[in-house]
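Encoded as structure tokens, here's the structure I'll be asking about.
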Amino acid sequence: PEQEEVECVNGELLGALLTDLSKLNNSRERASKLFQWLIHPIPAKSFFRDTWEKKPIFVQRKNLDYYMGLFSTKEFDFILREEDVQYGVNLDVTSYTNGKRETHNPPGRALPFTVWDFYESGCSLRMLNPQAFSSTVWNVLSILQEQFGSMAGANVYLTPPGTQGFAPHYDDIEAFVVQLEGKKHWRLFVCPTANFNEADIGKPILDVVVEAGDLLYFPRGFIHQGNCLPDAHSLHITISSFQKNSWGDLLQRLVPAALEIAMEEDVEFRRGLPLDYLTYMGVQNSDKEDPRRERFFSQIASLMKKLTNYAPVDAAVDQKARDFLHDCLPPVLSPDELASSVQGAPARWENGQVKDVDIHITTQTQVRVLRAGCARLCSDGNAVHLYYTTDNSRVYHKEELKSFEVKAEHTDAMEFLIHSYPNFVTVGSLPCDSVQEKIALAELLFEKGIIHSAEPL
Amino acid sequence: PEQEEVECVNGELLGALLTDLSKLNNSRERASKLFQWLIHPIPAKSFFRDTWEKKPIFVQRKNLDYYMGLFSTKEFDFILREEDVQYGVNLDVTSYTNGKRETHNPPGRALPFTVWDFYESGCSLRMLNPQAFSSTVWNVLSILQEQFGSMAGANVYLTPPGTQGFAPHYDDIEAFVVQLEGKKHWRLFVCPTANFNEADIGKPILDVVVEAGDLLYFPRGFIHQGNCLPDAHSLHITISSFQKNSWGDLLQRLVPAALEIAMEEDVEFRRGLPLDYLTYMGVQNSDKEDPRRERFFSQIASLMKKLTNYAPVDAAVDQKARDFLHDCLPPVLSPDELASSVQGAPARWENGQVKDVDIHITTQTQVRVLRAGCARLCSDGNAVHLYYTTDNSRVYHKEELKSFEVKAEHTDAMEFLIHSYPNFVTVGSLPCDSVQEKIALAELLFEKGIIHSAEPL
Amino acid sequence: PEQEEVECVNGELLGALLTDLSKLNNSRERASKLFQWLIHPIPAKSFFRDTWEKKPIFVQRKNLDYYMGLFSTKEFDFILREEDVQYGVNLDVTSYTNGKRETHNPPGRALPFTVWDFYESGCSLRMLNPQAFSSTVWNVLSILQEQFGSMAGANVYLTPPGTQGFAPHYDDIEAFVVQLEGKKHWRLFVCPTANFNEADIGKPILDVVVEAGDLLYFPRGFIHQGNCLPDAHSLHITISSFQKNSWGDLLQRLVPAALEIAMEEDVEFRRGLPLDYLTYMGVQNSDKEDPRRERFFSQIASLMKKLTNYAPVDAAVDQKARDFLHDCLPPVLSPDELASSVQGAPARWENGQVKDVDIHITTQTQVRVLRAGCARLCSDGNAVHLYYTTDNSRVYHKEELKSFEVKAEHTDAMEFLIHSYPNFVTVGSLPCDSVQEKIALAELLFEKGIIHSAEPL
Amino acid sequence: PEQEEVECVNGELLGALLTDLSKLNNSRERASKLFQWLIHPIPAKSFFRDTWEKKPIFVQRKNLDYYMGLFSTKEFDFILREEDVQYGVNLDVTSYTNGKRETHNPPGRALPFTVWDFYESGCSLRMLNPQAFSSTVWNVLSILQEQFGSMAGANVYLTPPGTQGFAPHYDDIEAFVVQLEGKKHWRLFVCPTANFNEADIGKPILDVVVEAGDLLYFPRGFIHQGNCLPDAHSLHITISSFQKNSWGDLLQRLVPAALEIAMEEDVEFRRGLPLDYLTYMGVQNSDKEDPRRERFFSQIASLMKKLTNYAPVDAAVDQKARDFLHDCLPPVLSPDELASSVQGAPARWENGQVKDVDIHITTQTQVRVLRAGCARLCSDGNAVHLYYTTDNSRVYHKEELKSFEVKAEHTDAMEFLIHSYPNFVTVGSLPCDSVQEKIALAELLFEKGIIHSAEPL
């Protein structure tokens, strides 16, 4: 059965695949199918079980066109021509010669003439946020972020033939290196220590030439180094995720909050330290054998264990969720979604006046949130707020995360709407006290672009 | 002869006029012709002699189409649909009811549906920087800024029929109210005092209905109030200039610098105050008749008069010039200019490799700066820098003002290039010591988009 | 035996007691004896077992002179006359009338005339840091801080007859209210909730008139209110300690550090969160019954428990120790200590030249640190520093905490010195590699006022 | 007659002189007499006419005791022993060997032992604010500041025999080098340029050995260098004044304010710059011969000349006056002044209660301000404030400048009081509307220590 799922995406070109996905009823399904396409033919289930966060994997496809349509040097050239690409902000020009890395960004806009001049003289080009310029990259990443439950980012690297790449190094993200054109020679190493020395890294655990259509995945912490071959340029896009998304990162939010609660609620945490603890604790006393040290340690251990009882796990998760919502790309709407949401509503100026601005939401109107994860209810203890991604920007954090306070009489309905996804529900079925409230909530959410209707309004 | 000049722009539609202007050899001529079109049929010469900064003027044309092509509500609607217009940043929604002004900007992107909904319920819309969205507005303002020698800005105001406008107020700019659609009733008053009271403003000195194709100009400080008529909406664009561009504004830069120099160079400024001056000067002694007060005042007068001798006028002008360069819109290039400059150079990616990146500037190449005022040499006493507008953004101050240090062996050539405008000069004629230097300077300026060549390279 | 210890301090006047204490060989013994005097006749051991941090206690002595010599209104008057006491900084003037508290501090220096004028008109006076002005208070607090292992602070309150005091409130310190003159009526209440309402506080658990010579102790969190009787003014000093000195305060330093280490050393903490955790965790999912929630919680619990293994307890204690060292009052030296330390070294200017500046420390010189806790070795992982209190100021945090890096060849000797206290050791016995190093270390410590010698040098 | 004035201070020792001065009725007379003592036998009148700010002068007295009592190394030693002198804040330890200056300040308090150890090893000692530690220096400077109408500061320099001093340099103050003990060899040079090179300074214009009792004065800008002789140490105090007290410094306050007013009141300053001024002004056009440049320069000159008409001279003087009041040392009160002012009022605590707090000011009470310049009325256009020095600190700027708003009904009386000095006036004669107001103002000023009475109250 897994095999079948894999098959169904095989061979499709990206454009057709994205069209097909847009017809799927559920954004989470879209996400898992697109991810399956990315790592095909490895089944996602076994990938996440055996490979993810554990080891590198190389998928050689012998199919140069597999990733066609995602991005190309042609599109890169087009973007330089049409968009305001700024050196240092959107594009880095670097060279790596005899072990020395140099950055050559001049000030100002990156025009094709100067960019290609750098390229011809052997420089590598890195586009830092292709999703802001390429609608396809935006679409792909905005779908994948639902698969990861964590921001999906991307960089594009274009390297001329015969050039070295960066020094061997490791990153703090899960990396999917998608080869789009030409080829690149990659070597991966196991990281010996945090502050490794290039001389210490030993033999590569993987040494391959990645060609167009191939995929190379490696987890955070694996040292990698790529270089171009003399006969071919290389264009790849690295899709990354799971930056600062570990259990430890969650605990960094959770543990101080737990301690604050414990100190309020549990007198044991408020109790004074022993009068004389400074005489047997601390580095200058660490070699002493003193039963008071044992008791001190065990009191610490006991309190830290107890701390778990006060840990506000859901609230800390919501802090991380808000960060993720802020990181999210806004959804790319399909024609049907546009036609049934405020983003594509037909209201317009025509012949000297406003047309089609009256949209009637009734209790019969069927609605749902635009994406499984595009809106989230969080509580700070006093008020409940709805945070949503539909007003985010394609440019990372260009906008503040948008939210509004949800009135008490709307919270149940809001929760109902979120949990009903992917199903449409009638406005009349929202658990509010009055028809007016039901309509008011639906209108509010519609105007903010959070919900759409089953049929165009 | 003046009359003739006026005639020649009469009756042209804006699109055709801009095309014609792009063929003019000199950006300063373009600027004066476009300005003449704006205020037609008043001759520019008499306008600047009799009206500018002195009194309001109303040009009634009975020609609804005179300004056609500059901007329209249709284009406004299109911009909302296609561009990321943000409430509060690019668009303000306001109402003015019973003397109370309210702003209704929600957070996030201004979508047509919500914008037109506000409009239908009686709100006025103000687009804050139409030049960032409309290429025609950008083009017109970028030409006019050369006429003014000061930033040309614009706001667009769309008001539904039958609504009041803002409270009567005055601004600190020269304002050209260009009526684009519908009509608006304007009243202008003479400002009685700085902190005027609405009750004090007396009778209007002008009370007119401005219709599409008409122009209303008024200088800074004139109180104005507009309101819509019951039977028509109003769309106008206000083009403004000369903010903080007075002699006093220049003196604010000049006088402290003059004083600093005087204190370094003139011992009289370093001389100590009289030992006992605090006993006869100051507010508590201001009623005293004391010959020492007279002497004190006359010493102050003498020093202030002498200060003029130390005033670094050109350096202070350059400070203002740099501010203006930073405020400038980047030039809009004509097809010919594109073809002969780096902005439109044919370098590109094609068939897996870079094409046309080799551009050969020779001593025979004829070049000039792109616009009369697009680059300026300034000196801080030690080094000479070239400041230039060609890397500015359409969005106000989105980019820092760009500049680079001009090598000593290039300053004469740079000055020669600037002063030669509008003439093209051969690279070989640049006053540099060697052919290499001549080519190097020309290449540098070409790559930064500051010069273009007489023929495509 | 406990009884005996108590007896030995009974009846002594403070001046004589302090002289006796200065002859004691060990600063920790001094501290415990002085504390015993403070709470006499309650044995310290039972006080710390039964009362400290647990419940208020009232010691009625019927001995008006018990605390004589600690502070008096006479001394207060003398300080106003001789020292630069600033309103708002060193002295607060307040009134509390009909439930309304007012502060009356004018700007500037508090002169006797204006201060006594306020007092006569019914205002209360609070001196904020009597230790900066009174040598006896400084001495007492600097001794007691060794008993508490936490800063000992003090405020003096002088209230005219017949006035109300502050509104009932609670503090976050352990408070010893030492009645010096007159009497005051105190009522103590159990705190019902954190944000209590004056109406809720119920009946007092203690309702007493405290007279000169009496002591009232209450732990943090106990609501208290005092007021003067019609027939007597009141002067008391409140000695406080243990602010931010709880196990929880230590954990606030410890836990984030533990987490940082765990994330470096333990891959489980670096492991990514479940891909789909946002779909079942967070407030909007908190009502869901989902086995994945259980697993999530238990993983959190497991990691938090494991965190204890990485807790750098001694390093966190040292952070608190450094805070305490910074809070410490500098020691008050006895004549013998002065004569044997740099603070009282006889070097001086006499007859036009320097005398007695040659002090010879030899291997025979016997030295020890000036106080048990006046210096402390801490390590930040790379270097070892010695932090010391002897250059602290009597004014809270007026000086930065002083420290210097201890050379590797001196750390053992430094530790040896600290742990040898209260015994003197010869410089020759310091565990350094060479005689030069031994002498160099001793000279350095002597010059910084950290050690003194058994005999004057 | 001048000669007589000089005579009268000749030969007096400082202590006796200060006592005599304290009996003088007028603080300005005290100041001029003390200054006369400082420069004796040069008559002050001729000094200020011929020497002050113009040239150095050396007064050789052959009277080692002339300045006795002002400061001594003995007092320096005493201060180290008794006061909290901090290295780097109050005391700098420097050496100057082979042209290299080094600072040796350790952290913390400067104890006699370490200070004299530095001295013995050849270091120079500079006490930065002796007025904070020495009452005589405080008294002398607080008197001299009235003579200068500008802050009088001081540094003390103690140098061991045979040491070099600082590198030759110049300062921005008028310096009176008062030799107190030993001797020092000084050389003075004329400053060739602002950034002079030690090699360029040429021959000294003065080359003298200054001995105890001698005075060396030199104005700002004169290069000076001193060094000790092999056979004697040197102690001198440098009294300085007139830092930032030039006409130029006043103009820095005045000119921007004048410009602001001119721009509000004079339309010529608000008039726009010529449309095309950037094409002929600025550094890149500075070589052009263009009549428009002439017109531009002459318009600038005309406006700058006109600026004088708007210069708020008294207000600018008041800004400088406030700075001076903030810089002022508080006055040192004589026993008589203490007895007749709040600073020495007899209010006190005695036998358990307050005594002598009732001070009765009546309309018969004769009062005056404590010093000619201890209080000053300034207006900010809206309100009138009284600024006063009597709450200043001996430590530079330790306290904010104190002031309070003067009620409209008190301003005339306040002005009357200030201008009546040195005469006492009865409270009844104050020009207020009612007896109550007269008494209220007098009480307020008395409590703030600004006035005193002719007789103790």
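Labels for the chains are A, B, C and D, by order of writing; each one numbers its residues from 1.
Please note the rule applied: contacts are C-beta pairs under 8 Å (C-beta built on N, C-alpha and C of every residue); 3 or more make two chains touch, one makes a residue touch a chain.
All values derive from a computational prediction rather than experimental measurement.
Visitor: Chain by chain, through touching neighbours only, how many steps does the shortest route from chain A to chain D take?
Guide: 2
Visitor: With contacts counted as defined, which of the two, C-D or A-C, has more C-beta pairs across the interface?
Guide: Answer to which pair has more contacts is A-C.
Visitor: Approximately how many whole Å separate the CA-defined centres of chain A and chain C?
Guide: 50
Visitor: Roughly how many whole angstrom separate the Cα centroids of chain C and chain D?
Guide: The computed centroid separation for chain C versus chain D comes out at 42 Å.
Visitor: When you check chain C against every other chain, which residues touch at least two of them?
Guide: none
Visitor: How would one label the connectivity among the chains shown: line, ring, star, complete, or other?
Guide: Contact map by chain: ring.
Visitor: How do the chains pair up in terms of touching? List each pair.
Guide: Final set of chain pairs in contact is A-B, A-C, B-D, C-D.
Visitor: Within their complex, state which residues of chain B touch chain A.
Guide: 73-74, 76-77, 81, 84, 86, 107-109, 111-114, 116-117, 119-120, 181-182, 233, 342-343, 345, 347-350, 352-354, 357, 359, 391, 393, 399-400, 402, 447-449
Visitor: Chain B touches which residues of chain D in the complex?
Guide: 48, 52-53, 147-150, 174, 194, 220, 242, 245-252, 254-256, 258-259, 262-264, 268-279, 281-286, 296-297, 299-301, 303-305, 307-308, 311, 313-315, 317-318, 320-321, 324, 372-373, 376-379, 415, 418
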